[in-house]
Structure formats: structure tokens, C-alpha cells
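Letters A, B, C, D and E mark the chains as written, and numbering starts fresh at 1 in each.
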Amino acid sequence: MTEENIITFDHVSKEFTRADSKEKLQVLKNINLKIHKGSIFGIIGYSGAGKSTLIRCINGIELPDTGKVDFEDIEINHMPKKQLRETRKEMGMIFQQFNLMPSRTVFENVALPIKYSKQSQQQIKDKVLELLKIVGLPDKADAFPSTLSGGQKQRVAIARALVNDPKVLLCDEATSALDPQTTEDIIQLLRRLNHELDITIVVVTHEMQVIEELCDDVAVLDKGKIVEQGDVYSVFVDPKTPLTKKFIATTSKLNLPDEVLNSNLLKLHDNDLLVKVTYISSKAIEPLISAISRKFNVDANIIVGDIKILRGKPLGGLVIILSGKQSDVSGALSYIKEKQVRTEVLASA
Amino acid sequence: MLSKLFPNVALNYNIFQNSIVQTVEMLIITGIISFLISLIIGVLLVVTKKDGIASNPVVWNILDKIINLFRSIPFIILIAALIPLTRVLSGTAIGVKGTIFPLIVGIVPFFSRQIESALNDLDQGLIESGQVMGLSTFQIIKSIYLKESISNISRVTTITFISLIGLTAIVGVVGGGGIGDFAIQYGFQQNEQDATFACIIVLLVIVTIVQIIGTLVSRKTTH
Amino acid sequence: GVLSGCGKSSNAAATKTVKVGVVGTTDNSIWAQVNKNLKSEHIHVKLVPFTDGILANQAMNNKELDMVAFQNRAFLENEEKTKHYKFSVIAQTYLTPMNIFSDKIKSIKDLKQGDKISIPNNVTNAGRALKVLEQAGLIKLDPKAGDTPSTSDITENKLKLKIVQQDPAKIMNLLPDVAAGITNSNFVKVAKKDPINDAIYKESFSYSNPANKPWINVIAVRSSDKNNATYKKIVKAYQTKSVTQIYKAKFNHMYTPAFKTNN
Amino acid sequence: MLSKLFPNVALNYNIFQNSIVQTVEMLIITGIISFLISLIIGVLLVVTKKDGIASNPVVWNILDKIINLFRSIPFIILIAALIPLTRVLSGTAIGVKGTIFPLIVGIVPFFSRQIESALNDLDQGLIESGQVMGLSTFQIIKSIYLKESISNISRVTTITFISLIGLTAIVGVVGGGGIGDFAIQYGFQQNEQDATFACIIVLLVIVTIVQIIGTLVSRKTTH
Amino acid sequence: MTEENIITFDHVSKEFTRADSKEKLQVLKNINLKIHKGSIFGIIGYSGAGKSTLIRCINGIELPDTGKVDFEDIEINHMPKKQLRETRKEMGMIFQQFNLMPSRTVFENVALPIKYSKQSQQQIKDKVLELLKIVGLPDKADAFPSTLSGGQKQRVAIARALVNDPKVLLCDEATSALDPQTTEDIIQLLRRLNHELDITIVVVTHEMQVIEELCDDVAVLDKGKIVEQGDVYSVFVDPKTPLTKKFIATTSKLNLPDEVLNSNLLKLHDNDLLVKVTYISSKAIEPLISAISRKFNVDANIIVGDIKILRGKPLGGLVIILSGKQSDVSGALSYIKEKQVRTEVLASA
């Protein structure tokens, strides 16, 4: 990953006229984006937010009404047709619905983008088989798509998108049709491609898990507007907008449902406090619970835990019951706060 | 046996046999040529439509209107109107040779519409994936629209062939001959019931063969 | 070329093939006899069957046919007039009667007010049928309409007969739906009725009667070919006793020869 | 103006006008009746097919074969062959009344196939959801197959109507009249070009109206 | 929830013949199942496992080749047609693809199953509007499905499935087409329906999260066979088969990728141990970390935490680095083991 931008959006807006009602719909509103060469860039938003429209502006399948989209500093939206086609070959794209050609074998599907190139049959063959190896389907060359599972289909689609040696891979909901296990596999594959082939990846999704596990940077799209963007860790550790918070909440277990809050399990005694502690910076991990247990002689009973390592830094937190003498408990609480950890008292006895 | 069940057919057996040959000739020649033309027109309709991959409302509208115009002309009127042109193109306006051109003009509008709807049935996502690969319009037509619609195209071709068989029955007006004309000459004009039946059986056999081929092609190309 | 040589074998002289446009298959046996008669002349008549005479005439005008033999003078003249053809009659062949038939009534006297009468749906035969109705005293026609009047030329129709035009081949089949119908004799015969004896009204019938002249069937060629020697040989081979014998044998009194046999 | 541009049409203006009325009559009556019959046959084909909601291979095969048989018979032969039956059913075999039955028999096979394919296009999931609701076969046909296919049905009905217009040009055989027959009588037989053009214009207008109605119905019922 | 069974599968098997290859495919193999009245029963398995076929046997859309399926002790597979239709009315069903009628409004869609019943127009209207209120769409009665979001469509489908007051609600991948937030909403709705209407729910899914958050009991289907079944907590806390473990792993963060294991963050010193501790029983939660911190004077640094409350019982565990004197560390370790918590040393210094 460098600081060089491979794709930039400069004040891009676009509206559609609905076929039935003639109503105008502002789908993209003044989008500004910079995507670093070699990075994995995620775009998240609800259905209808304009994610597909945005990613389709990158390879010129949609053209902005105003503003411009640059690819390697050349404007996409005013390219002559032939140049646009050549540029598209530098960007592979994969879709939620795979879009494999049902009447072609896996080999033919992957070979299709270079079918009309100047490469020899042997070159094409070598290239396709190599790619099938990379995506983990070396033995499926002669299978038809209808005989493949969803994950296998997406691998074929990825191989096909890579056959022109693109600089960018555009993924529009590439994992939304897949089950979680298969999603995991595809995410691993994309990360490997990013590392090994140094390919820039743009990912559109509505699944926060995909952003979390795959992306370096993220932009949150809401009704055509980018409401938040930044590197994934910063956004996750300190989301600014309600929408982003909501998305992040879907990956966190720290929000206890009332049912749990009111259960016997969480009965508080005496001076007990129910406290949520969460990381707010990526400072080195310290044995906080051990420290307060000894220093203040309090018991910290972990009710819910949700701490993970994101990009090498800890993220998440715990919900604990602090018990002990009142002074000890409040001492422990302020000790924790000093350590740059956010605390929130959810309930007290 | 033939002479017992179909006495009048047996009496004119050579003509009957010849009619079958003529019908098959007409179907094959007209079929192939109008297939090619309709494929081109059908493709043009699909790619030039609004939101098509080579959208061109002018071309689309012209084609659309011409097709409607030709579909409005009763076939017998069409044959007569085309005679001068037929002569220029085929060298003659009579006989099997003279029927090919009017048959083509008669069936192409219907056929083109059928091809159009077959191509429109294709998943739009496949076309889009062709675009993102950087394929040219022509490459998309060839490698995606046509290749992926073979099964649909063969289905509508079957339907069209059966309609074409219906049209060949009318070409007797220019001495085109064929099995339909045999039925008209002997069955209709001479009231020879056996001739009518024999012709219907032959037509049924042809229809069935066409349908079997269509189903076969469609099945072979579906994976 | 007008005449296409069609070498059959090396020993004989080339046989000349003459393409003759016909409508329907009724006369096939007659032309088979003519071909027999022509064998020694090395001439062969090849029939080109049409379902409609109009396009046969057009084909001859365009030199795709050498000769046509299906129409009567009235039809021919109407065609010459409307299409500006230059055709010539090189022979008369036969005259067939056009009579009135019915499944319901025994005589035209039984026709009632508003009854339906079927007539053919092509111009000349319709005209002839109207003339027959006039002859039968059922209607009056505008004299200016000539040989091929149409229904709009009816000047008087006391019984308010409804004239329905149908395909002549099916008029006999459709008799149950009308009071009476008029059609060509060959179709009457096809319907297994006698064209004369089963009629409820017979037109006066003789080829020497000038009133019938328009309805005599003819062989026509392009005017430029009217002196063609080959065609004359064909006419000669047609206007023979062998042919009139076939008339008699196959068509009984339906076909009246309209020529004098030359042997 | 009419008499200048179309002198022969002006001359036979009453007949021309009457022909239009006859064509419209034939189209409406035949259209309605064959629509209903084809709907029934089309539904039967769809529900009795293998995997249909009332699968019945015997019924399906019989219908399938009969349709093929009738599609194999040239329309003119069909009219002639049907004369006795037409008379029994319609009281007469001539005139507009006499054309209705043969027109129906002529178009229903084609129409049924079109309806069949329109219904088969319906998302199988909708049918299944009808089954899980505990709806009866009849209720599924009425409330799902037909209701949800209105747009598709109206599309194929348009196609069929245009083909039906082609058939009405042939009913002159039994004195059916109509605009196609007018074109044949005056345009074709009498060589009155203006009559041909006038007829084509009328047919084009009818085709266009049919198409506009079809598109409208289809649009109104698509949400 | 009672112990009464509403649905039982008794040695049910079914095979399909593939249309293309004429190959036979054993889709269900000797299935035995008992579904308690009032419970939420989950069936999980990969695509093609036979889940849809299984759930469709319940309302007789598919018929078993051998064995029998009983609904309220009456055999489904030999019912006369009319009785089967009446029985189907006691079971609502919803699908991944919603299957709403595009030409009908939301109201008409919901009313469709009772359109032909003996109820009056007013009764139907009241019923439908009440259900739309229950599923949270009181104001969408006159909207057409095409104008709704995925979640709203599924709510309509649920309302429609409830309109016959069914005893059972069958859900075939009811949330698979939805984004995680909407999935969450639908899960909440289904739980509410189960509680408030006392309706038995059978859920087919490939998402473990759905099982975790929604179901009481679960059966794991693999290639047509049930490989594991039981109440959700027992299966989650102690999965027996590799497939079940794999599914559960998708919901757990405790399996550290190599990338994290080898990172600086986890550098171990001296006697440090990297230990995974997981609950193996639902015993009351104790402040374990505090206890060992004080008792053995060790530091327990929480690297990854994944503890949640499932059905009122704790589930999951922590990955910690234990530091201290060697004897203290091993003492702490054996102390933890005594507390019926499973420990696994992942790495030592």
C-alpha cells in the first residue's frame, strides 16, 4: 500500500429518473473519495444507499451527472469508447450474482475476457489454469457453472476478473449470497490476492464483518452521501455517526438485550456495578482486570466479552460486574479510566 | 395400401412426392435465410433499445415501425406486391424459386420479434459482466447474447418454423407448389378428402420433426 | 429464352419444352393427351399449376410462362385492360356452362324475398354469374358494365336477393347456407352433381351463341408470339378428336368443344 | 380528398366501410371466444404438465398432440374441412357468422401455446406459496396463475391478435368479407393499387391500436 | 413450550432423480425428529444438505419415499387432498425469496390465504390490519411489494403466513436474503410471535447466528443425515461433530488467525503462557480472572474475549496471556481447571 491514489472521486453526483413515477432520485450526492493504490477499500451502506451506482462509476458502467472519477489520474467519464474498454480491462469486477455464462465451462468463463486478445491459445490456457490454481479450483476447468456451489462460482468469477491482470478488483456484494463459512473463505482469498498480486480492491457490502476482516479503509454511504470515512480501525474504535455505530453494533456483543440485563445472572448486590469497558485507542494491552483485582481488591466478573485483534490492535471491550467495598469499586473505576479505556456504568445495585 | 387408403394421392403420386420436396426446399432455404436476417434484426432491436448496449432510438424506432407495417400486410397481398422485386432478386417470380423471397419477407417480421423476445429474456447481469470485461458491442453480441440464448433461440425458431409451414401453403398463388398447395389443388378444389389427409399427415410429420430438433438443440445447449 | 431446349437423349432431336400456366388440375388429362399428340414433333408441354390466374397472366407477361390456358375471354380482356398486357388468343378450347344450383329449391321460381345467392369471388366468374341471374330474369344489370358486371352494377333486384361472393370451389359445399348458388361446372362435378341435369336453372348454352363468346376458354400467348410455329403445332395437337374424346369421356356434356377438329 | 388519393376505394366506399366493420366484428368475436378457450387450454397445459400443480400426463399429452395436429393444417384447408361443423354450430357456414368458428379453430392452437408460455414464465415460488397457503388448484389458477400473469398474457394476446388479423384475410373463401378480402378482391384481382394501400393502412391502424391496448394493459398491471 | 410434540419425523427418507443425468440422489436419509409444541426448532446445514426438502415434508409439499411425518399425531403423507389443504392452513410458511404477489397490495397479499374462507369482508379487514400492526407495517397496507425493502417484504410474508392463525410457522431461509441489521429485526419479530402467539416455529438456515439468537433446539443436517441435535446451549457449549464445530466457529472469535498469533502483540516473555479458557458448563459465573490475579499474583492479560449470554447461561471464553512466576502460572492454570472451565495452552514463551 502506498500513498498514491489509484481512484479518486471528485464531487461526483448522479440522479436517476424512476421509470414509473418520473420522480427524480438523487442517488449519489457530492461524493469525494481517494482510494490508495494497493489498499482494500470498503464501502458500506444499506440497500438502496447507492453503493452499486458508486462502484459502477469506477469502471464507467454508470456515468456521473456532475463531478469526475479518475483512474490513475485519467478521467473515466469522458473517455472515448475504445479507450474506456481498454481501461475496463485494467479493472476486474465481481458481482453478488456471479454472472457466469451458463453455457460455458469454468475454463471458457475465465478465458472469455481474453478470448479476443492477441494471446495465443497456449498462453490463454496457461493463464487460465494458473488462475484456477490461485483461486483453488484447479480441477474444475471443465465443469459447468450449474454444477458448482456458490463459493466455487464466486471463485470462478474472481479468476475471470483477474485474467486481464487488472490493477483494481471491484467487488459488488461479492459475498452477500454466500453462507458465513464460504464468505470467510472468499475474504481470505481476496486478502491473499491483495498481498500477493498487490492488487487494489474496492468492496461494496452491507455486512460489517466483511469490512472488519478485509478492508484497510472504509466509507459509509447513507442515502447517496458519504457520512463517514477513514481507516477501519479508527472508524471501528470511534464511530462518529449513528449509522456507523449501528453497523458496528451488528458485529459486537456488548449491547445486552433487556432480557439479559434483567436476568438472575446479573443480579447486583451491595455496591456492585455493572460496567462496560471499551478500548478507545490502540495502546498496548495491559492486564487491567488483574491490576484492579489486586490493587483495589475488587472482583471483576466478566459477563460478556468481546475483544478482538483488528489490524494488530485490540478492539472491543467487556461487560463486568465490579464488586467490593464502595471506595474500592470507585477507585478501580477511575484507575481504568486513566488507562485510556472508556467506562460506562450500565447498572448499579 | 397407399392406393387403397389414398386413391387420389396414388394417382398423382409423383406430384405429391414432388410437393414434399418443394415444401422441404422452401422451408430449408427460407428458414436459413430468414433465420440469419431475423437474427440480425432481432439483435439490432435488442442492442438499440433504450438501455440497450448500443442504444439508438432512431434505429430502434424505424425497425419497430417497419416490422409492424409488414406484419399488417396479409401474406397473399404481400406476395403479389413483391413480384417485381422477387423477379429482380430471384430471377423469377414463380415456382419454388419465386416463393423464397416473399416467404422471407413474410416471416422475417414475426421471426425478428421472436428473436427479440428470446434475447431480451437473457439475464441482464451476463451482459453487464461482458461490459465490465471490456468486450466490444460486437463481442458481447457474439459471445454473450447469441451464445447464451441458443436454447431460447431454438425454441422461438421452432415456433416460427411452424408458422412458416403455414405460409408455404399460400404460395400456390405464384405456382410455388408444395404440400400445402397440393392440399389446396386436390383436397380443396377437387374435394379429394384423401389428398387433404395425406397432406396433413405430411405436415404433421414435418412439424413434429421440427419440434424434436428444436427440443434437442435446446436440451443439448442447456447446462 | 422462350423455348428451353431439354435434351433427353443423344439420338433424338432436342425436345422443345413449352411452359403452360394452368389453374387447378382439372385439365391435366387433356394436356397429357396433347403431349402424346406432340411426341412426334419433339414438343413437350410442361404445366405450371397456379391457384390463381392473375399471377399466371403476370408470369406470362414477364416471360416466365410461354402460354396460359385457364381463362375465358372475359377474364383475359379484363386482365389486358387493367394490367395493360399485350396478349393474343391463339385458340379457343371449350365452353362450360354456368348454371344455378340449390339444395333447397327445385326451381328459381321458388326463390323468395331476401334469399341469398352465392356467386364466385373472382371478377369474371362473378360477372358471368350475374349475367346468368339476369338471363334468368332475377335481376337487371347496367348495360354499360359490359361482360364483367359487379354487384354494384345491379339496377333492379325485385326479390332483394342477397348476393354472396365465395370461393367457387366451395360454393357447392356452401349451398345449404344459401337459397341457390352459381359456380363453374368443374366444381359442380367435383361435388358429384351433374353440371346440367342437376341445375335448377340452365343458361342458354351453345358456343356459337354470341352471348356466350366471353365465356369460351382460350389459349393465350404474348402478342409477339402469336405466330410462333411451335405454339401453332400445340394448338393443332389440341384441337383434335383425341381431345374432344377426352372431353366426352371425362367431362361428359360439361365441356363443349369450341373449335372444329382438324382431323 | 379520399376520391383523389383512393379513387377506387371511394367508388366502393360502402363495401370498404363494411369490410372494416366485418374485420372488427371478426376480431372482436373471435378474439374474445378464442381468448377464453385458449386461456382454458393454456391453463390445462400448465397445470397438467410434469411437475404441474395437477400433473396429469395423459391430459397433457392429448392436448399437446391435438395442438400440434391443428397447427399443421393450413388455414384455408381448415376452413373448408370445417364447413359442415361450422354450419351445425353457427347455423350457417357463410358470411361473418360462418367465419367465426374456423377462425377460432385456426387461432386457438397458436394462442394456447402462447398462453402456456406466458403462464410458464411465472415465478414458481408464487405457485408454491399458493400451495402452502392451502389454496385449491382452482384457487391457485385464478388468484395466482392468471392474476399474476396478466401482463404476460396481454403481451401474448397482442402477438396473437396480429396473427389473427392475418387469418381474417383468408376467410373470403366462405364469403367472410373483411378488409383483407377487400384487398384481395380490389387490390389483388382488380389491380387497384389504391385499394391495397387503403387496406394496409387500415390493418396497420388496427395492429397499432391492438398493440397500444396491449402495452397499456401490461403497464397498468405491472407494479 | 411443553413436552408435547407437534411434529415428528419417523425414519423419513427421500430421493430425487436428477433430470439431466438420471442419477439418483438420496436427499434425506432416515430422518428422526421431534419438534415440541411451542418451541423454536432450528435446522442448519450447508447448501444442498436437504434442509428445504426436509421442511417441505412438514406441510406435504414434498412427500417422503419411506417413513412418515406426523403433524399433531396425524400422518401428513397419506392425507386426502382436501384434508391436506386444511392442514396446510394450520402451518404458515415463509421463504427466502418472500414470494409475495407483485400485482397485489400488501393488504391483498396478506388477505390472500383467507380470500376464499367463510369470513366476512369486515372480518378479513380487521384480521389483516391487526397482523400488519403486529409485524410493524400498519401504514403499508396499500403499498405494492415492489416498493418495499427486503425486511418489509419479509414482514408482509410473515403476516400472510399468520393470517390463518397457524399453529406452526415454517421458515425456509427466512433471513438469508437480508442484511444483518434487518435479519436481527426479523429474528426479534419471530421471537415475539413465538412468545405472544405461542406459535411453534421451524427455522431452516445456514447462518449460525440465527440458530444462536432464535432457536431452542437445533438439528444439524449434513448430506441428508442429521449428524447432531439437541437444545441450542448444549450443542453450542459442547459440539460433537466436526461440522457442528465448524458452524459454531463462525460465530466465535476465539480462533486466532496465525497473523495474530505471530504478531508483536502476543510476544510472550519468561514464563508467559497464551491460554484459551472456555466455558464447558452453565455453572454460575465466577470472577475467575480476579481470583487468580489475587490468589496467585499472576497477570491475566485478556487478548481476545468472546463471552455471551445464551439462554441465560454464559457461553464462550477468553484468550489470555498469563504472566508471573512459573509456579504461580501453573497454579493459576490448575485453579481454573477446577472451576469446570476448559483450558488450552496455545503457546508458551
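Convention: contacts are C-beta pairs under 8 Å (C-beta built on N, C-alpha and C of every residue); 3 or more make two chains touch, one makes a residue touch a chain.
Protein identities per chain, from UniProt: A, E = Methionine ABC transporter ATP-binding protein; B, D = Methionine ABC transporter permease protein.
Note that the coordinates shown come from a computational prediction; the quantities given were computed from them, not determined experimentally.
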item: Shared interface partners, meaning chains that touch chain B and chain C; value: D
item: Topological distance between chain A and chain D, in contact steps; value: 2
item: Most extensive contact between chains (C-beta pair count); value: A-E
item: Between chain A and chain C, centroid-to-centroid distance (C-alpha), Å; value: 88
item: Between chain B and chain E, centroid-to-centroid distance (C-alpha), Å; value: 56
item: Computed distance of Cα centres, chain E from chain D, in Å; value: 53
item: Multi-partner residues of chain C (each touching 2 or more other chains); value: 54, 169-170, 173
item: Chain A, residues touching no fewer than two other chains; value: none
item: Junction residues of chain D, two or more chains touched; value: 80, 188
item: Chain pairs that touch, as defined at the top of this document; value: A-B, A-E, B-C, B-D, C-D, D-E
item: Touching residues (chain side chain D, partner chain B) in the complex; value: 68-69, 71-77, 80-81, 110, 113, 159, 162-163, 165-166, 169-170, 180, 183-184, 187-188, 196, 199-200, 203-204, 206-208, 211
item: Chain E to chain D touching residues, read off their complex; value: 59, 61, 85-89, 91-93, 95, 97, 99, 101-104, 112-113, 115-116, 144-146, 160, 164, 170
item: Touching residues on chain D, where the partner in the complex is chain E; value: 123, 125-126, 128-129, 131-136, 139, 143-144, 147-148, 150-151, 221-223
item: Footprint of chain B on chain C - complex, ascending; value: 21, 24-26, 48-52, 54-56, 58-59, 62, 64-65, 169-170, 173, 187, 190-191
item: Contacting residues of chain E [partner chain A, same complex]; value: 46-48, 149-150, 179-181, 184, 206-209, 246-247, 250, 253, 256, 260, 263-265, 284-291, 293-294, 297-309, 312-314, 316, 318, 321, 323
